[in-house]
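In what follows, chain A forms one complex with chain B and a second complex with chain C.
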Partner chain A sequence: MRPIDQTIRRGIFADRVFSIIGWASLLFCLCMLGLLLYSLLSDGASRLSWDFLSSFPSRRAAAAGAKSALVGSLLVMLITACTAIPLGIAAGVYLEEYARKNWFTSLIEVNIANLAAVPSIIYGLMALGLLVYQFHLGQSILTGGITLAFLILPIVIVATREALRSIPQHMREAAFALGASRWQVVRDHLLPYSTGGISTGVIIALSRAVGETAPLVTIGAISYIAFLPPSPFSERPWLPATNAQRAIAPNAQEGPLASGLDDMARPPHSGTIEVRVRPAQGANTTPVTTTLAFEPSMSIEDLRAAFDSVEGLSASLTPSGNLALAADAGSEFSLANDTAGLTRALDLDKGGGRYGPVEWAWSPFTVLPIQMFNWLSRPDEAFAKNAAAAGLLLMAVTLGMNGAAIFVRARMRRRIKW
Partner chain B sequence: MKPVSTAVLLGTLFLGTLAHAQQRVVKVDGSSTVAPISEAMAEEFQNANKGMKVTVGTSGTGGGFKKFVRGEIDISDASRPITKAEMEECAKGGIEYIELPVAFDALTVVINKQNTWAASMTTEELKKLWEPAAQGKITKWNQIRPEWPDAEIKLFGAGTDSGTFEYFTEAVVGKAKSSRGDYTASEDDNTLVKGVEGSKYALGYFGMAYYEAHKSKLQAVKIDWIKDGKSQTGGAIEPSAANVIGAKYNPLSRPLFIYVNKQSAETKPEVKAFVDFYLKNAKTLVSEVKYVPLPDATYEVVSSRWAKLQTGTVFGGSHAVGISLADVLAKESK
Partner chain C sequence: MSQVAANPAPGARDAISRAARRRPSAVLIEFGLLLAAVSSILITAGIVYVLFSESIPFFRAVPLWEFLTDSQWTPLFDDKHFGILPLVCGTLTTTGIALLVALPLGTIIAIWLSDFARPGIRETVKPILELLSAVPTVVFGYFAIQFVSPALGRIIPDLPLFNVLAAGIVMGIMIVPYISSLSEDAMRAVPMLLREGSYGMGANRLTTAIRVVFPASLSGVGAAYTLAISRAVGETMIVAIAAGMQPTLTLDPTSQAQTVTAYIVQVSMGDLPHGSLEYQTIFAAGLTLFVMTLGFNLLSVALRRRFRQVY
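Entry: the complex of A and B
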């Protein structure tokens, strides 16, 4: 038998060795992070300014900014969070607390774990087929956000389950013993106790999503955009003086348009439309309003004649079957209060009114990593600085999210007493 | 508990209030080579016309045409003329298009600053170096010309997904996408610049805009176009804006196009206004983003095609290698 002091000395030695290895690993990770930060800072710090945040991209490197990309990234993340967090947590809670343990739930479990390893571009291809072509959500912020939500759902589900599993079983048993229902246990005990773990998983998932480009490029995110999505309830522009409208049914776009056009371009039911005409940029002047009545029996020629009868507006049919509406020069118009369903049926622009609360979600968009790639591929080296600055922004967004997670975790831990 | 229920509530609210939104946007997509021109146009157009909106995507020429034939975009940026297959797709989808050349792009073959021997090369020599049969065999400079050094060539070229690769192989080897594979390929032209800059025995090719931006670090090779055993260009031609405009720097210069959906041109006033602006400002903005503008006379022909909304292509589905754009357009407009 070895003397006791030798055993202790060995233990202390092993302890030291391990702590040195651990310390060196930590140092290595920190050094890599530091190097990355240093290279980004040395390139991009000079470009980081309020101007960079508040300008749109430009062909002149010094004037270019990341406004549209930053707003795009934040809005896409908002949709991703609103979709993935409730769905993921609900699915995780169900699997962990409600589902019976049998071969079917095991199968689902294995597949969810597998989904987390699927390359992100596959999600992009699926979203292109499903969201863009099947559900006609367009190449929009909404599509982008939901695509990334699909991507991170498995991570959120797994994180939720792990967090729930770490709660001691006797907590559940105690609650049940006092007569609490399953939902009460989940709502009042399990979810609050696991918020820290869940929020960590959610933030890791969102941090992955914010750096993704492949699936977003696949669904049609664009690389140059110099306008922001419309704010909720902001005023929608009126239609300009010359405006050719599509007078075809939305679902008839695929084939050649010539035949059967007359049948498709009929008002779906009787009703009226108020046509308003006012001077261009005349937001404060009272528009001249004319109310037109429509019947399902009207043909495309009747529609044209109806619009043409409005004072200050002329309507004609183009050779390719479009209804062209034109206000007199220097004025603009809008089609309001459509009770005939004509604008919807014919996919006509209405103009005027205000944007809805979530209409921004249908806007085209770009995100920070795509903007970075765009700049990196420019011949002019000055754009590389912009790319580095955009990289710093991206890191700041991630850091902000991580900060939020740490805050939530700390708060939750303080509230839990067991 | 509260944050979770708020999130659930927000999620349902959000999904409950879906409403279709109409936005008046000019949608441009396609070649990443043409994108800098379209982006510059979009920038100035939006500055000049408040409230007008333009988006530019970079799905590649082929990717852009795929969206174009489905009617998803108004304008397709293309670094080559429309192909036969794409023309058929357009016909099937009922899409008519107006073909508008907007600028020249030139490829530059570059060598290291210290390279004293290869200041000019013929297209035959380039073919010998780049054709698929050269793979693993033509590895030294003296295999191209005996008097050149007995040193290994380091090759740098465009990645296989780019229009540049397609065009270079078409012009030099004679068949698009047919190239040796044992060279450093990158979609990022800055990588190629660094590679050629770093080795005395390097040779690479990329867009002229990149050469112009890195002129101080690289040397451009003058190109002598040999076809049927005869020089078509009357000696080696230096890649310069003047030689490209004068249709002398062949076959490594090519026209760049935008294809406009006729339906959009007729029915969306913002598309018409944007293309009007594009053609009017092409000369100044094209050179500002380091491409070569077309001659004035050619812009006039192009503008009249646009004014007449003349549809169809003048290239008949083939590549536009080494042909004079002015000649083709002039023939068409008669």
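Entry: the complex of A and C
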């Protein structure tokens, strides 16, 4: 048998060695985080400028910017937040405060736990099959936002439940004793007390959604967008001839990534569309309205022929296979009462807009991570700098949001004493 | 006096009974909240429905046996082969490398944080480490292709720019916080009594951590491991950017390989018409991925049942 002091010395030595190994492992991970930031900064810092933030993507790396990606990310997050936050909080409140203990409740609970482990790209496939092809929402901001909302729903639900669970039972009992109904207890007491916990969870969930790429690639977010979605405040009832070219094929400037349009270029269902053409002689001339009928079986060439037959309007196919409409010089045209769903399928800018102030939600889009992926997958090394700059923006947003969440959590812990 | 208390005034009694009856608005609110909770089940149903309904036409054209055994995956070429094995192989290789990096690192950090680090250090280090899992995966992809892969190329001669090794290592670093954070929670939940018992028997910290705390927290640690595996199997952007786009049936980490997820991305970026057989391959690939992660999850539930310890 070994003498006892030798055993003790060996034990202490082993502890010291492991302590060093632990420090080393931790430092290794932190170094990786540091190296990641360093490589982003050294490549991308020089590209970060106001020009980069305010320019559309371009074929020349030095002129390319992230404007459409920034706006796209913002709008997608708006839809995601508006969907996931109410839905997640409501579901969390139900499960924690209302649900009885039965098989159905436990089914929902097991289901939420499983959803959290489903790979994000699977959500993209689901959205592609369901939202794009079954519900005909298109490859739009709306589809992208809802997809990400589904993805982060489990996080919001779990955060809500944990925040509610941390409120002591006697708070509820006191309110019930004073005659409050269950909903009054939830609305006037539980939700206000758990705001901190819920908002921490929501911020972390949204920061995950901001950086999410795979599901949006799967639903077909286009990575080359050189225009902004229609603003809810602008009214463009008429398209002048000079604008028409851009109007029909907004992403016609680059071929391969605008693809998929050929398939989408068919009318989704049969119906009619009104084409109004206003001749050139001043604003008070009466427009001529022509009604065209469409069938899903029509090819893009049939569509072109149909539009071309309208007096004062010429239709052509661009080299990249997109349909372009143009009014004769000086005159203007607009499309209305589109029961064929054609304007949406073709990404047409239809002047008045079919969905009014929320027209932007049906617009095709790109987001920051997809823009970064696009730049990264180009062979030209100059685009890697753009990717690094986009990566810096992304890191700033996600790390900022996580920092905010940590801050909120810390403040909450200090303030609340039951 | 007691008479009065037992019989409240008629008006008050009405008010109480009115309040006690469930108002229609209360029922409506509860129903609305229920709908929100049920939406999570609808999402699952939607996933299963889409994956199966879009895969069934594919499996009518390509027999399941061929899908599972053919050693080539070339649906986009003229000579079409639909064998999922090369893609699954790519996924398993990248996942394997990621786990080789993440399991030791994550476990060591978890043990160190729970039983060795001072509380102050633990409270500062944990959130910083969790930032690592907040980094968008596309940024990790950038790191893999612009930094790690060239750096590895200096050590290993003839390493192609796109390789499984770099993607796997970066993926491993990404999942370290999942393992360390969840495992540390599980280890801290082990009662102090067990540790004190061990110390009392003369064991040192390391022996206590490995022989007492680790086995006692095995169910939680196992859950952390399986979550990490699911993340690695489903990870998309790192492998799509850094591992290459060539489906090859190989386990060689220094070569290119395509994973299931990277294939789905590749097809989604292309212009295949909706409804074609080539297009349906992504749903068949997605179904494969779903089955793989579901398998790991069920395994984790079984493990948790097996190793659960109640104090």
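Simple rule for what comes next: the second predicted complex is superposed on the first by the 250 of 418 C-alpha atoms of A that agree within 3 Å, B and C clash if a C-alpha of one lies under 4 Å from a C-alpha of the other, contacts with A are read in each partner's own complex, and residues count from 1 in each chain.
The criterion applied here is as follows: a contact is a pair of C-beta atoms (placed from the backbone, for glycine too) under 8 Å apart; a residue touches a chain by one contact, two chains touch by 3 or more.
The structure presented is a predicted model; accordingly, all values stated were derived computationally and were not measured.
Once chain A of one complex is fitted onto chain A of the other, the partner contacts of A:R161 are absent, as it touches neither chain B nor chain C. When the two complexes are overlaid on their common chain A, residue A:R278 makes contact with neither chain B nor chain C. Of the two partner chains placed by superposition, chain B and chain C are both touched by A:L376. By the touch criterion defined above, A:L191 lies against chain B but remains apart from chain C after alignment on the C-alpha atoms of chain A.
After overlaying the two complexes on the shared chain, residue contacts for A:V118 are found with chain C alone; chain B is out of touch. Ranking chain B and chain C by residues of chain A touched puts C first. In the superposition on chain A, A:I21 makes contact with chain C only, not with chain B.
Once the two complexes are laid over each other on the shared chain, residue contacts for A:G220 go to chain B and to chain C alike.
Contact with chain B, but none with chain C, is seen for A:P57 once the two complexes are overlaid on the shared chain. By the touch criterion stated above, A:R304 is placed in contact with neither chain B nor chain C. Common to the chain B and chain C contact sets on chain A are residues 86-87, 90, 217, 220, 223, 256-257, 376-377, 384.
Within the complex formed with chain C, the residues of chain A that make contact are 7-8, 11-12, 14-15, 18-19, 21-23, 25-26, 28-30, 32-33, 35-36, 39-40, 43, 86-88, 90-91, 93-95, 98-99, 107-108, 111-112, 114-115, 117-126, 128-130, 133, 150, 153-154, 157, 179, 181-183, 204, 207-208, 210-214, 217-220, 223, 256-257, 259-260, 262-263, 369, 372-373, 376-377, 384, 387-388, 391, 394-395, 398-399, 402, 406. Only residues 56-59, 79, 81-83, 85-87, 89-90, 139, 187-188, 191-192, 195, 217, 220-227, 230, 237, 240, 242-246, 253-257, 318, 320, 322, 324, 349-350, 355-359, 361-364, 374, 376-381, 384, 408 of chain A touch chain B when the two sit together in their complex. Contacts from chain B toward chain A in the complex involve residues 1, 3-4, 7-8, 10-11, 14, 17-25, 27, 29, 32, 35-36, 38-40, 42-43, 46, 51, 53-59, 67, 71-72, 93-94, 187-190, 207, 209-210, 212-214, 262-263, 266-269, 288-290. Contact residues of chain C toward chain A in the complex are 19, 23, 25-26, 29-30, 32-34, 36-41, 43-44, 46-47, 49-51, 53-54, 104-105, 108-109, 111-113, 116-117, 125, 127-132, 134-143, 145-147, 173, 176-177, 202-207, 209, 227, 230, 233-237, 240-241, 261, 264-265, 268-271, 273-274, 282-283, 286, 289-290, 293-294, 296-297.
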